[in-house]
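Step one of this worksheet: look at the structure below.
Lettered A, B, C and D in written order, each chain numbered from 1.
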Amino acid sequence: QPTAGKYLVSPYGRRYRVWETFLILLVVYSAWICPLEFAFLRYLPRAPFVVDDVVNGFFAVDILLTFFVPFVDKKSYLVVDDPKKIALRYLSTWFIFDVCSTVPFRSITHLFTRHEHNLGLKFLNVLRLWRLRRVSSLFARLEKDIRFNYAVIRCTKLISVTLFAVHCAGCINYLIADRYPDPARTWIGAAHPDFREDGLWVRYVTCIYWSITTMTTTGYGDLHAQNSREMLFGISYMLFNLWLTAYLIGNMTNLVVHSTSRTRDFRDMVQAATEFAARNQLPRQIEEQMLNHICLRFKAEGLKQQDTLDILPKAMRSSISLYLFFPVVQGAYLFRGVSSSFIQQLVTEMVAEYFAPKEDIILQNEYPSDLHLLVTGEVDIVAFLDGTEQVYGKATEGGLLGEIGVLCNKPQPFTFRTTKLSQVLRISRPKLMDIIQENAEDGEIIRINLEQVNV
Amino acid sequence: QPTAGKYLVSPYGRRYRVWETFLILLVVYSAWICPLEFAFLRYLPRAPFVVDDVVNGFFAVDILLTFFVPFVDKKSYLVVDDPKKIALRYLSTWFIFDVCSTVPFRSITHLFTRHEHNLGLKFLNVLRLWRLRRVSSLFARLEKDIRFNYAVIRCTKLISVTLFAVHCAGCINYLIADRYPDPARTWIGAAHPDFREDGLWVRYVTCIYWSITTMTTTGYGDLHAQNSREMLFGISYMLFNLWLTAYLIGNMTNLVVHSTSRTRDFRDMVQAATEFAARNQLPRQIEEQMLNHICLRFKAEGLKQQDTLDILPKAMRSSISLYLFFPVVQGAYLFRGVSSSFIQQLVTEMVAEYFAPKEDIILQNEYPSDLHLLVTGEVDIVAFLDGTEQVYGKATEGGLLGEIGVLCNKPQPFTFRTTKLSQVLRISRPKLMDIIQENAEDGEIIRINLEQVNV
Amino acid sequence: QPTAGKYLVSPYGRRYRVWETFLILLVVYSAWICPLEFAFLRYLPRAPFVVDDVVNGFFAVDILLTFFVPFVDKKSYLVVDDPKKIALRYLSTWFIFDVCSTVPFRSITHLFTRHEHNLGLKFLNVLRLWRLRRVSSLFARLEKDIRFNYAVIRCTKLISVTLFAVHCAGCINYLIADRYPDPARTWIGAAHPDFREDGLWVRYVTCIYWSITTMTTTGYGDLHAQNSREMLFGISYMLFNLWLTAYLIGNMTNLVVHSTSRTRDFRDMVQAATEFAARNQLPRQIEEQMLNHICLRFKAEGLKQQDTLDILPKAMRSSISLYLFFPVVQGAYLFRGVSSSFIQQLVTEMVAEYFAPKEDIILQNEYPSDLHLLVTGEVDIVAFLDGTEQVYGKATEGGLLGEIGVLCNKPQPFTFRTTKLSQVLRISRPKLMDIIQENAEDGEIIRINLEQVNV
Amino acid sequence: QPTAGKYLVSPYGRRYRVWETFLILLVVYSAWICPLEFAFLRYLPRAPFVVDDVVNGFFAVDILLTFFVPFVDKKSYLVVDDPKKIALRYLSTWFIFDVCSTVPFRSITHLFTRHEHNLGLKFLNVLRLWRLRRVSSLFARLEKDIRFNYAVIRCTKLISVTLFAVHCAGCINYLIADRYPDPARTWIGAAHPDFREDGLWVRYVTCIYWSITTMTTTGYGDLHAQNSREMLFGISYMLFNLWLTAYLIGNMTNLVVHSTSRTRDFRDMVQAATEFAARNQLPRQIEEQMLNHICLRFKAEGLKQQDTLDILPKAMRSSISLYLFFPVVQGAYLFRGVSSSFIQQLVTEMVAEYFAPKEDIILQNEYPSDLHLLVTGEVDIVAFLDGTEQVYGKATEGGLLGEIGVLCNKPQPFTFRTTKLSQVLRISRPKLMDIIQENAEDGEIIRINLEQVNV
């Protein structure tokens, strides 16, 4: 929909999507390397620093690019592609944060000094985590995108948050131990006296192990706080975990409740039908028809279909009905030769229904209340005579059911029973009569059509 | 329903069900022995290997059998019994996995070499866990089968998953310790230096004990990771447990919420009725009638019955009503001699209701709006005269209530009060009058019936 | 309601309730002493054994008593007071269990032998826990009794289960340690080498401490399993705790969700109203009226009142309306002299509504659609003339609002605005007209009443 | 609203709110210092005691002030400003508790004796925690105040409770250890033998660390109970934690379920619409219209708006409609010159609807069922001629759509399609016709208006 100008980049275009996805990967890398650098800087090889500058470069490019990406105004729902407005909006919102998280502080400082372990500098580097807002907005968008499974997106989000929290806590706890004056009185030093001699991998795994042991509240106790600093950090981390765990469980409960609700509804419905049949000692045949119908409803989700239509405005519902059923109705023998306007009025008042195989659509001797039109499927015409059922014929696609009863206002002479899964259009007698009265000529044509066929 | 051919095996037949249940037992055995072999192979006696080959044999038979089992097409809901289509479907879906999980790799290798502790071979054996999909699909089917309690099935499923996870984790953790070069620096070796001398049972219990201590996040700390390998496995296991626990709690919450909802609804309803009575200072008698009625609704689940009927198509509802109430209506004195079609129209418009003992169905002097017909139970005919209530008579099964008021359009001369639990059919006056008008002859018969009895 | 015979004990009578409550206290004592005896028998003083026999005596009396307590038949909802049926029902259900849990096995054995520490005898004593079914059925009954708060009952139940589980697990774990051949290799012996010398109280507290540490998954690790037996018991207990904890959380979530739902609904409603007013820039006065009305609805729970009435059958609703509103309607000037049957018809069609102070009931110039009758409160009669509002009068209890507009079918000449919290009866114009038409004489009286007052 | 007297303090006034907020801060200080004094009294500096007396002074002032604050009667919802009633209510409810929690027991005792470590005195000081009821009632009020986010308030409340519990438990556990005869056999002494020599800060952090380790069930085991007293306290604290944790999770689940419900509903709706379109192979254009409409509904929350209006009484709805739409309807060409009463009747029957851009409001050839009036936005008038769509004109704000079809009862000659987000008023044909019939003169004016413009 956006009418992006000459130099503008469509935010919904394929190329921009690829670029965004690529940046997300870089963000993930940043989120992992940034706490690691913060804690283990002096043990890291040189490579990450070069990679860091390259990554910063990409984000610098993205800052420039943002000035050429139109946005959707929140009030009028219109796309704004005026470069000035785009720039104004960006400058007044996130520009300054984006720039701060992109400046290569370390490389700059490096030109003047060699004090890499400077804590202030480290904190500047942590600004890079601002980039995580991209991941956050990505998840917000994916949650509303029905092409992706909601549960999967939600779980991925929670796993990401969990892993990031575990990673950060492990790194910070190491930093605290590393900077403590007496290595023997630290959580890691008490268990591994020579921990500074261990390789980076062993130390990192130990940190993550402590972190996850604490988060899941397993708390073996082989690694635990030894001084007030570590205790304070442990207190904050455990309080945070209490909330994170509660949040995880809350989300899981939400997903479980939602995912099982359909099965529960189905069970409740079948249970009620079975109990009803047992209590009233209904014959086996009727019980089976009931169960078939309930199963069909849940498989074909006919229920939802009607709900979907109900929230649409009348004109939209009409145009859907016209598209779907106009040809079928026009082809029915009764409506041969009537005006197109008449059929249009008829179609917009019709309701579609599904019937499972072996279900009765109309009962013999029933008071006629609806005219039915078979869209798909097949129907047996049955009459109950002298105590036995006899099949008089079949109605196929496009056939009308019970038209004589409805138009002549007589009890239905036949039972109509499906033999396959069938879709049926239904219009109530009063509505049909109203439409015929207001279109007297078409009513006459219908009368003639009826007589020609049934006499 | 399936029309299985000569050589076909009906998937709903009893024999196939027994066979499937038998296979499930074998799957459970496989799921238990497979990780055990994986971890403790060199300590196991010879017996399981023979059993293993026998089990494989049964699964090989099942692969062959599957070619003769018809399936239900997901689109048309029809049973497909064409052998070619069955074969095609199986070959294109799970055949290859089933075969891989059945080949007795160990026995084959055993013919050529004696290296039983080969890790690659062990991994091939783990393929056997593919069989677990049978358990998974069994639970999916049982959840939808109302003959089994939903909560029980769901809990069994979760317990199975928990036990399997505990079993697997214990075995894998033992394998890691067993293969570590320095036995003293393993989780089990640090606590039990001579653990390799312990019996299989002691070692297995210790593994499961560690596993369950970690899963429930108890984490005593008597057994804990000692090296990076074990820490890595511990990290993965604890992360998995975080999710499993959240999933357990989510499911439990779902079951609790569902199981208490009926009691809550009942309480809310009784509470509201009691408060209403207290606020308006209703007399004790009316309050009791209200509470009795609410209790009855929840005991007899009259509510659900109406919901069940509402989702059925009209023809099905009619045939149920006809089956249940045709004879009763036909037997009422007012409808003696009227046409069967008239009674049919009447019955399909009638609604069934239950009344608790001592409830009023019709009030004296009330404006007549419905005709009632007593199906079961007993009703006192009461009149309020000179300030005292007098019982004029009783209506029993098949009796009409308030017919004079309705047909002559006069205020009801009597109050009708139940003495037992009663079921009553109700038809509204306008609908009754419509049906009488359209069947003039039957209307005349009814008029005569009414006069004969009441004059 | 039960018509208990001469020697029968009414199950709803006060004395039986007291007796039942007393037995519940004994059950609680049994539930506490039984596992304690099981584990600590040789350290217990003699006193409990005497108490035990007395308690058994009371339960023996209850067994006899049960033969004289009528019960409610589950099918017909009738009280059965035939002694034979009562005896038959008890003998065929719980009699045998009740007897087994009451026989004083220990005292009997004591007569013949002195081996008190016999394990088989101990297990027989555990049969006493069968009595707990009384507590279980007590909670089931209390949950349905609205005189008790649901959350409190539910929490008490869960706390009881938790405490009992903790108590039992502690005792069993002590028994395992006490019977282990090597006291130093038990969970308690490893920490307290001379634990057998400690007092009963210290040992019991240590057991409960271990039990609760494990149940809450704190798992400090100061006390932990030392041998396979203890590990096996620990495994079962931890698995059980996993489920108990999930069940606790599920119940708590259920209670929280239910208890906050009213506040949430209120917030949602107020939020929606405020947003609606802001979006459409409604004047301050209308917004306040909206908020007042919403607050009133939630305070007075007018909503629930209507729901309560809706589920009652028509005759019951009519009798409530008659009881509440007949005198008020009869006292209105318009209905002076009309027949009592007419007023009755009117009242059963009326709907009660509450209005907050300063709300408009009828707007000037509005098309008249309902007749209102003020039951309680006070209403200002306001007219908007030349741009200013003028108060023309007041309507007090029993006053009619808008009767001229409704009866003469003219736009309402006045606005009616409440000055206090008011209850108003409302009947729609078509229904009123129907009733007047069918009672021509009363209609004439009303016409005269109207003319006399308003001319 | 309160009409506070001369010397009365309005409870809703700004100054009283500031005073209350200030007191809340003092309460928070008390809640923190009170358990700290209780446990660490002999290590505390003198400063808190002076502060304490000042704080007590402020609360004493508040006690006096309360006699001048009107309150809202719970029954009549009226403000009571009679000083006698205010005093009576306060004296009979919380006065005595407030006084007890304000008396400076320590300072008083200090005058007579120097025994500061007296335990009884300490317990008197704990009475100060009674002040917490202010925090509790603050949260209860904030929860119902829609200016604050519900989730934030709820989380703040839970965090406060958690922190207070952690703080209290830490202090009490220290007190138990501090008073134990053998310092080496206490939870803190076992780990830090010279703990009495440590600074206050180190000891306080250690207490909180133990407390949080136990509450989150991490239970490292580095600090654990060493004697029966500590075990008993640990048992109670762990049981309490079990419930607190379950309560936290319950609340979190509640918040998560509520916060995700909108997104879920949106997803379900879009999913159903997409599936419906795919199953019926609807053309791309109709599918897009459906999705646009659903998105608009969720963005503009049109749904909620209607719900809000539905619960209001009729007169209020009418006055809102009049305020919003009277000028627009009066300005429409068709209603030029008609009486103001006619327009008023019309407006109260109209319903407002939103349409997304490119949606059809009326379809060509549709049977006319509603008259539409464009309030905001823009609409294209389109006709389908010879298979192509042609735009005949535009309707702007205040324009009528489909008036000829409705008034002349002919099929609509044009399709009306929005080009912008549009708000449309709708009145159904039967209602319009009713109003015109009852206002014959206005009907004539409308007829003339229609002819003048359309001829």
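One rule holds in what follows: a residue touches a chain if its C-beta (ideal position, glycine included) is under 8 Å from a C-beta of that chain, and two chains touch if they have at least 3 such contacts.
Keep in mind the model is a prediction, meaning the values are calculated, not measured.
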item	value
Chain D against chain A, contact positions shared by both copies (same if over half, else different)	different
Fitting chain B to chain C on CA atoms, where both chains share a sequence, rotation angle to nearest 5 degrees	90
Pair of chains joined by more contacts [C-beta pairs], A-B or A-C	A-B
Centre-to-centre distance between chain B and chain A (centres being mean Cα positions), rounded to whole Å	27
Separation of chain A from chain C, taking each centre as the mean of its C-alpha atoms, in whole Å	38
Multi-chain contact residues (two or more partners), chain B	217-221, 245, 249, 251, 253-254, 257
Chain C - residues contacting chain B, complex	76-77, 143-144, 146, 150, 214, 217-221, 224-225, 228, 231-232, 234-235, 238-239, 241-243, 245-247, 249-251, 253-254, 257-258, 301, 304-305, 307-309, 311-316, 318-320, 322-324, 340-341, 344-345, 348, 435, 438
Interface residues, chain C side, partner chain A - complex	217, 219-221, 249, 253
For the chain A and chain B complex, residues of the former touching the latter	155, 162, 201-202, 205-206, 208-209, 212-213, 215-222, 245, 248-249, 251-257, 260, 263-264, 266-267, 269-276, 280, 282-283, 286, 289-290, 293-294, 296-297, 299, 353, 355-357, 359-363, 365-367, 369-370, 409, 411, 421
